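Here's the structure we're looking at; comments come further down.
Order of writing sets the chain letters: A, B, C, D, E, F, G, H, I, J, K and L. Residues in each chain are counted from 1.
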Amino acid sequence: MAPEPQTLRIGVLHGPNLNLLGSREPELYGTTTLAEIEDRLRAAAEAKGAHLEFFQSNHEGTLIDWVQSARGRFQGLLVNAGGLAHTSVALRDALVAVSIPFVEVHLTNPYAREPFRRTSHLADVAVGLVCGFGPLSYLLGLQGLIAHLRAG
Amino acid sequence: MAPEPQTLRIGVLHGPNLNLLGSREPELYGTTTLAEIEDRLRAAAEAKGAHLEFFQSNHEGTLIDWVQSARGRFQGLLVNAGGLAHTSVALRDALVAVSIPFVEVHLTNPYAREPFRRTSHLADVAVGLVCGFGPLSYLLGLQGLIAHLRAG
Amino acid sequence: MAPEPQTLRIGVLHGPNLNLLGSREPELYGTTTLAEIEDRLRAAAEAKGAHLEFFQSNHEGTLIDWVQSARGRFQGLLVNAGGLAHTSVALRDALVAVSIPFVEVHLTNPYAREPFRRTSHLADVAVGLVCGFGPLSYLLGLQGLIAHLRAG
Amino acid sequence: MAPEPQTLRIGVLHGPNLNLLGSREPELYGTTTLAEIEDRLRAAAEAKGAHLEFFQSNHEGTLIDWVQSARGRFQGLLVNAGGLAHTSVALRDALVAVSIPFVEVHLTNPYAREPFRRTSHLADVAVGLVCGFGPLSYLLGLQGLIAHLRAG
Amino acid sequence: MAPEPQTLRIGVLHGPNLNLLGSREPELYGTTTLAEIEDRLRAAAEAKGAHLEFFQSNHEGTLIDWVQSARGRFQGLLVNAGGLAHTSVALRDALVAVSIPFVEVHLTNPYAREPFRRTSHLADVAVGLVCGFGPLSYLLGLQGLIAHLRAG
Amino acid sequence: MAPEPQTLRIGVLHGPNLNLLGSREPELYGTTTLAEIEDRLRAAAEAKGAHLEFFQSNHEGTLIDWVQSARGRFQGLLVNAGGLAHTSVALRDALVAVSIPFVEVHLTNPYAREPFRRTSHLADVAVGLVCGFGPLSYLLGLQGLIAHLRAG
Amino acid sequence: MAPEPQTLRIGVLHGPNLNLLGSREPELYGTTTLAEIEDRLRAAAEAKGAHLEFFQSNHEGTLIDWVQSARGRFQGLLVNAGGLAHTSVALRDALVAVSIPFVEVHLTNPYAREPFRRTSHLADVAVGLVCGFGPLSYLLGLQGLIAHLRAG
Amino acid sequence: MAPEPQTLRIGVLHGPNLNLLGSREPELYGTTTLAEIEDRLRAAAEAKGAHLEFFQSNHEGTLIDWVQSARGRFQGLLVNAGGLAHTSVALRDALVAVSIPFVEVHLTNPYAREPFRRTSHLADVAVGLVCGFGPLSYLLGLQGLIAHLRAG
Amino acid sequence: MAPEPQTLRIGVLHGPNLNLLGSREPELYGTTTLAEIEDRLRAAAEAKGAHLEFFQSNHEGTLIDWVQSARGRFQGLLVNAGGLAHTSVALRDALVAVSIPFVEVHLTNPYAREPFRRTSHLADVAVGLVCGFGPLSYLLGLQGLIAHLRAG
Amino acid sequence: MAPEPQTLRIGVLHGPNLNLLGSREPELYGTTTLAEIEDRLRAAAEAKGAHLEFFQSNHEGTLIDWVQSARGRFQGLLVNAGGLAHTSVALRDALVAVSIPFVEVHLTNPYAREPFRRTSHLADVAVGLVCGFGPLSYLLGLQGLIAHLRAG
Amino acid sequence: MAPEPQTLRIGVLHGPNLNLLGSREPELYGTTTLAEIEDRLRAAAEAKGAHLEFFQSNHEGTLIDWVQSARGRFQGLLVNAGGLAHTSVALRDALVAVSIPFVEVHLTNPYAREPFRRTSHLADVAVGLVCGFGPLSYLLGLQGLIAHLRAG
Amino acid sequence: MAPEPQTLRIGVLHGPNLNLLGSREPELYGTTTLAEIEDRLRAAAEAKGAHLEFFQSNHEGTLIDWVQSARGRFQGLLVNAGGLAHTSVALRDALVAVSIPFVEVHLTNPYAREPFRRTSHLADVAVGLVCGFGPLSYLLGLQGLIAHLRAG
């Protein structure tokens, strides 16, 4: 009988405005709330032997603090930085500083929106990118991250 | 006798460094303090049947929190985002998320200053823009906002 | 008893196509005619001790002639240059040449329209800018201009 | 017997320097005069049950006046704006304001000339574009316009 | 009695996706099929003493092969390169290599669509350009081409 | 007992050079062959009640032919266009023409490679994008596509 | 005794705002009026056997009319187009159309002013350029033009 | 005996992620901790008659608050804004608002890193810049600042 | 006696329109045919102990197929990609995928032609570049390639 | 009797390749040699009470040395920097460092030549610019410079 | 007793116009002469066990010669390239060719001056950069260089 | 028996830093010295009836002097301008001024290095370009030049 794989600990980071999910522009972002997304993520993670912790903030600095505190606590991160993905060099620096592999996710497809959403300060240092599938983007990104960590 | 128009509730947002008004670079920004501006705004609003609440912060995240909390509390916003107007996609996202009409104001005329002040992440989603009149920019923006809300 | 403030003489310049107001693209520009705007402006000005003269032309050169003739006749100008705001260096030169403070106004919010409307040859030499409030943009710009002239 | 189609009224606008046709740079623009072009256009139009009126001016403002006066008089416009096609937002605004479908024509092929002729402020709001065929550009543009109006 | 003008032989090239005409995005491209367009073109050509041959392919290389084979077979070409107009230097090279005058046509007006449709690798080496009239663009382009060839 | 969901038919498109998988630059693309990827995709699809068909070509035109033939045969497409994602307007046009929802996938993370891989002619018309997870990118993209089609 | 050289007829064109010379921004443009400049130019021309005619307008179209009328009347033109130098393709077209050699002059040095004054639609089709010497720019440009015409 | 020079009070600001020094990417940033840097800075300052106070935060707004509070407390600032140097107009505005001379320092050489690190919103309003020497950058910047303040 | 060096096997790839050599724009490309170039290349190669195989196609996909098939068959490639050099990321990817050293050649000097010929998707992954010498470019490129392979 | 104006001392600087005048591309630069130009300049200068000294070098450094040595020796400089005008910041720095007014001259009209000749590192710090008149450019520039110095 | 550290040999390079220090634009560059700077540098170096040699030239080529001769003679270089920092690829090449670590220094803060001073061909291959402190920039750069060399 | 072809005289120009060959960055430029390259070039030239003269300098001005002196002495030039290829308009001007055909060579492949090496001020006026083959680039360029001169 094969040994149990080690339980992975993964942090999930939600950036500005994601706490509004379910009520914010539902025609664009859907009606699922962040709590519902987290429930689905938790269930999917546990089925694959992974434990998740969640964090949301509208504050760039608070997000950076949390990323810094992630060292030693998580083997991987799932990051939806919201609007900060396009503007924050400091958040990028924090993610690089802690050297934890991360996957970038977006609910919507930024390439189908305003031009300033076509650049990301995170994408070129991420493992990979999933966008455009609504809440499912998180679930797919989680699978990609777990596979990456198991393979590493 | 015509019925009284409904009292409008309007939030006024001041971004980074506006708390310094009156002492900061007076040759550029004048000697009126933020409290004095707020007094004049409150008087003007009440004369038009509107009630104002004010908020100032130097923190992008705190400003976003406040914008999120504005839903259901205000029918319109008057926003002087200071330097964040040129850099914050997350603040723009918050303003769009809460779907409250807002007017962008600036004390100075950004087109007569450094090139990086010529772009705004807020202007194309605002109702309108008033800039260059010192404290009066707020008062004119308030009139424009009230008219827009009454007409809407 | 305080002395009456001096009567201000202010010129109001309407550029190309503004004579069509009320019938041109009403979903964008509204149904108020230019004559109605002028009536409202005149009333507001007289209440503040200012006298207005109006001028509209579709001809860049005629607008420049009028700006040149404004020296000595007006203490301030209210300028809605329409499409010329984005293309005319010569109109800018005329406004600078006569050294009369002016405020730039637009009925619509150019930042929410085509990209070529995001640059103005007038904005950086104007006192201030008001846009996006329909006919009210003129009224707010007039207030800003009068306050600027009274303060000067 | 099928009913006669309604007679279409179409305005033809010639911009700056087109009055020189026949003598101006004949190696580039040919030796046909503007009057000869108009005769050929008139004949072609009448064969298709359309009536034409012509207008030429070297003045942007005069061209705008004429476009404004076109409302109610013409169902379609054929526009050769000459050099103004590349520089005039105000002429574009006039054409959009009167909401009359128009076709843009050029005698020469601007893509084979100087780089600044590769942008047009009219093309994206025109029905279509015909260029490079000398005087025939007008005739082809007229056919395209009539077909568009009959189909509309 | 005037001698019959020589019969012109003209090739008509349809690029990628034009075989879908009639069913592809009918709100944009209309319901006329490519076969119907070809019938109308053939009739118009014969009335002017011209004989047409048609070719469509979704393959850049196949289109280039055909252009190369056109030497000696055709005096002129009518080219709707579809999306390749914006990206193919090799097709341009083939058209220049065979030295056969050609007219560029498009069903829609590319200036009213995405920005990447505003550049063409063909336009500056074409005789002329017709766009925006639906199937009629081909017919007008054909007239322009025949006139150019008769005049040459 | 709930009724079986309808079997989905999904086409999977592999662009140029993907037939080399397993031997091409293994340090970048891994050692899994395309056949192995297809086996894994087929198994995953069948578990979700979807049937897949695969197609690979190094020829832009052949890929376009196949996309055109997909109408009526598939409800969704999974597209890894390889290098054509950055250069082919014609492939984009084909995908838009057939109006079949598609997901764009890449084995590697193009944002971590050469600058010319940062633009895609497909991304803004895709449902979503998955990249950077090696063969797993296809599997995640398939899940996203199926969820999108089931939700649609 | 050597024969008298032929009298040259030269047109001098002043563009928008040059009628203000002497009173407009004297710290930038000096206190000499346009009439005084014309007197000095006339004297200098007569000493060299040339006759001058002057024309000023603030209207692009009127300037173009005058340039068109210059054919057959003048052998050379001295052109200070003011702000139109940077924006008018139509004036450039007129100057090219009449095929009269011209020299571009400016009172100030545009390279030491705003960036939008660094491009000229006239410079590359002019014989030469003189700028930065105040009224003397006209006199130097006249000498250059006469020498060019005598040499031609 | 020469009088003792006045004790200078200098504030030292560390931006996002600098609290990680010593453990963050040591091959890039070295193994010295921020506390060790501060000890060395304090010793160097005291030897030159200067007193230092230190402040670190990952929050833009907290950094701005601190800069605002610096007025009257410090004669000079030593600023390592980390990633905010490239993105924060609000921090720049705060530094300009308090009118305290400051020196910008970086541990690494940003010109040898990613392109987005080549622009700084602080450099053009700083006294000077020191970068690339690891912790020594702070010490050199401190010397430069003290010399500037003593000379001022 | 020194041992014979190993016979090198080299593939020579000609892209779109090169089959026309000798008849296509002879003033630009000369009158030598592709067959004649191949004869000269073959002779030169055999004198240096190398065996050549030639391939020409106007189809990007066919060229990619051939490059893929080159693995194991050739030690080096001589590539004249014609117009595809400027547009094809997929051909670049194929050349990189097979890991065979190649030299880029052009008959003409692209730097002396249109601007869009100044960028190449091949040059930065090639061993070297030879251009501007007509058919001799191939011969010089072959020498460079052989020397590179012998040295490798 | 009016006092003699002071004799002006003016330095004339010729940059790289100007020593070739008369033989270098005569169709572009004419057949007059540099010595002949200097004779004509000297005569013109003496008639206006100015003394000239000439210097030519092909070495940027040598030209800078000479500019440095000009302090105290000349009141004005006439500078034809040749190709260095477009590239040399160091020569610009030298001219600014010695604070001697200078006029920039060119024999040809750089705006009618290659694009890289459209920028000058000297023009914005020069008194004025004369170009396009062949050797006469020097004479006109000299007049402009003398007038500037006499007025100063 | 600790062994004496090895004496370091360091070359100091001054580029164009630095020989003017003390008299050139003193409001910008101060009144200290280059000899005085060198005396201060020499004293500081000897206190740290380093020996300096100085070299100044206005000639790019002479500076390159000197850099080339530095191999084997110096362990580090202190380089103030003046205006050449922004334009000279050849000087950069020389510095890279000799593989001697160097620090770039500037007396003034180039980021607060003209835009063309914002790029440096040296900065990305330097150890570090110090600017804006007047002569002290050299001293700070020297300290940084010595620390780097001792650490290396 | 065929007459001996005329002996060709060819000048070979080496720009800055090429005198360091053999010791400068050997991993990039190899270990062959410039003298060895010249020996190989001389032998190859004599075998083809050509005589070579060599010149190297690190001084732009000295290189220009030598190019000027080449008139009448050489029928062709082989030019490796080093870093000056990317920056020197003056060297380009000298090469154009003397009207001697030249070939541009580089030891390395500049397209595989820094972006600023992708532009050349020489390439568009050269006969051809050879790069990337180390010392062999000179030999191939020489062959191309001789063939060009013999054909001319």
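In this text, contacts are C-beta pairs under 8 Å (C-beta built on N, C-alpha and C of every residue); 3 or more make two chains touch, one makes a residue touch a chain.
Note that the structure is a prediction, hence the values are computed from the model and not measured.
The chains in contact with subunit D as well as with subunit F are E.
If you take subunit J and subunit L together, the chains in touch with both are K. For the copy pair subunit C and subunit K, the superposing rotation over Cα atoms measures out at 120 degrees to the nearest 5. More than half of the contact pairs at H-K come back, by residue number, in G-J, the repeat among F-I, J-L or G-J. With centres defined as mean CA coordinates, subunit C is found 23 Å away from subunit B. Between subunit C and subunit D, the centres computed from C-alpha atoms are 33 Å apart. Mean C-alpha positions place subunit G and subunit I at a centre distance of 56 Å.
Per-chain Cα centroids separate subunit H from subunit J by 47 Å. For subunit E, the set of residues touching two or more other chains reads 59-62, 87.
Chain pairs that touch one another are A-B, A-F, A-H, B-C, B-H, C-D, C-G, D-E, D-G, E-F, E-I, F-I, G-J, H-K, I-L, J-K, J-L, K-L. Against subunit G, in their complex, subunit C makes its touches with residues 59-62, 64-65, 68, 71, 87-94, 96-99, 121.
Across the complex, subunit K meets subunit H through its residues 103, 109, 111-112, 120, 123-133, 136-137, 139-141, 143-144, 147-148. Chain contact summary for the complex, subunit K toward subunit J: residues 15-17, 19-20, 23-25, 57-62, 82-84, 86-87, 116-117.
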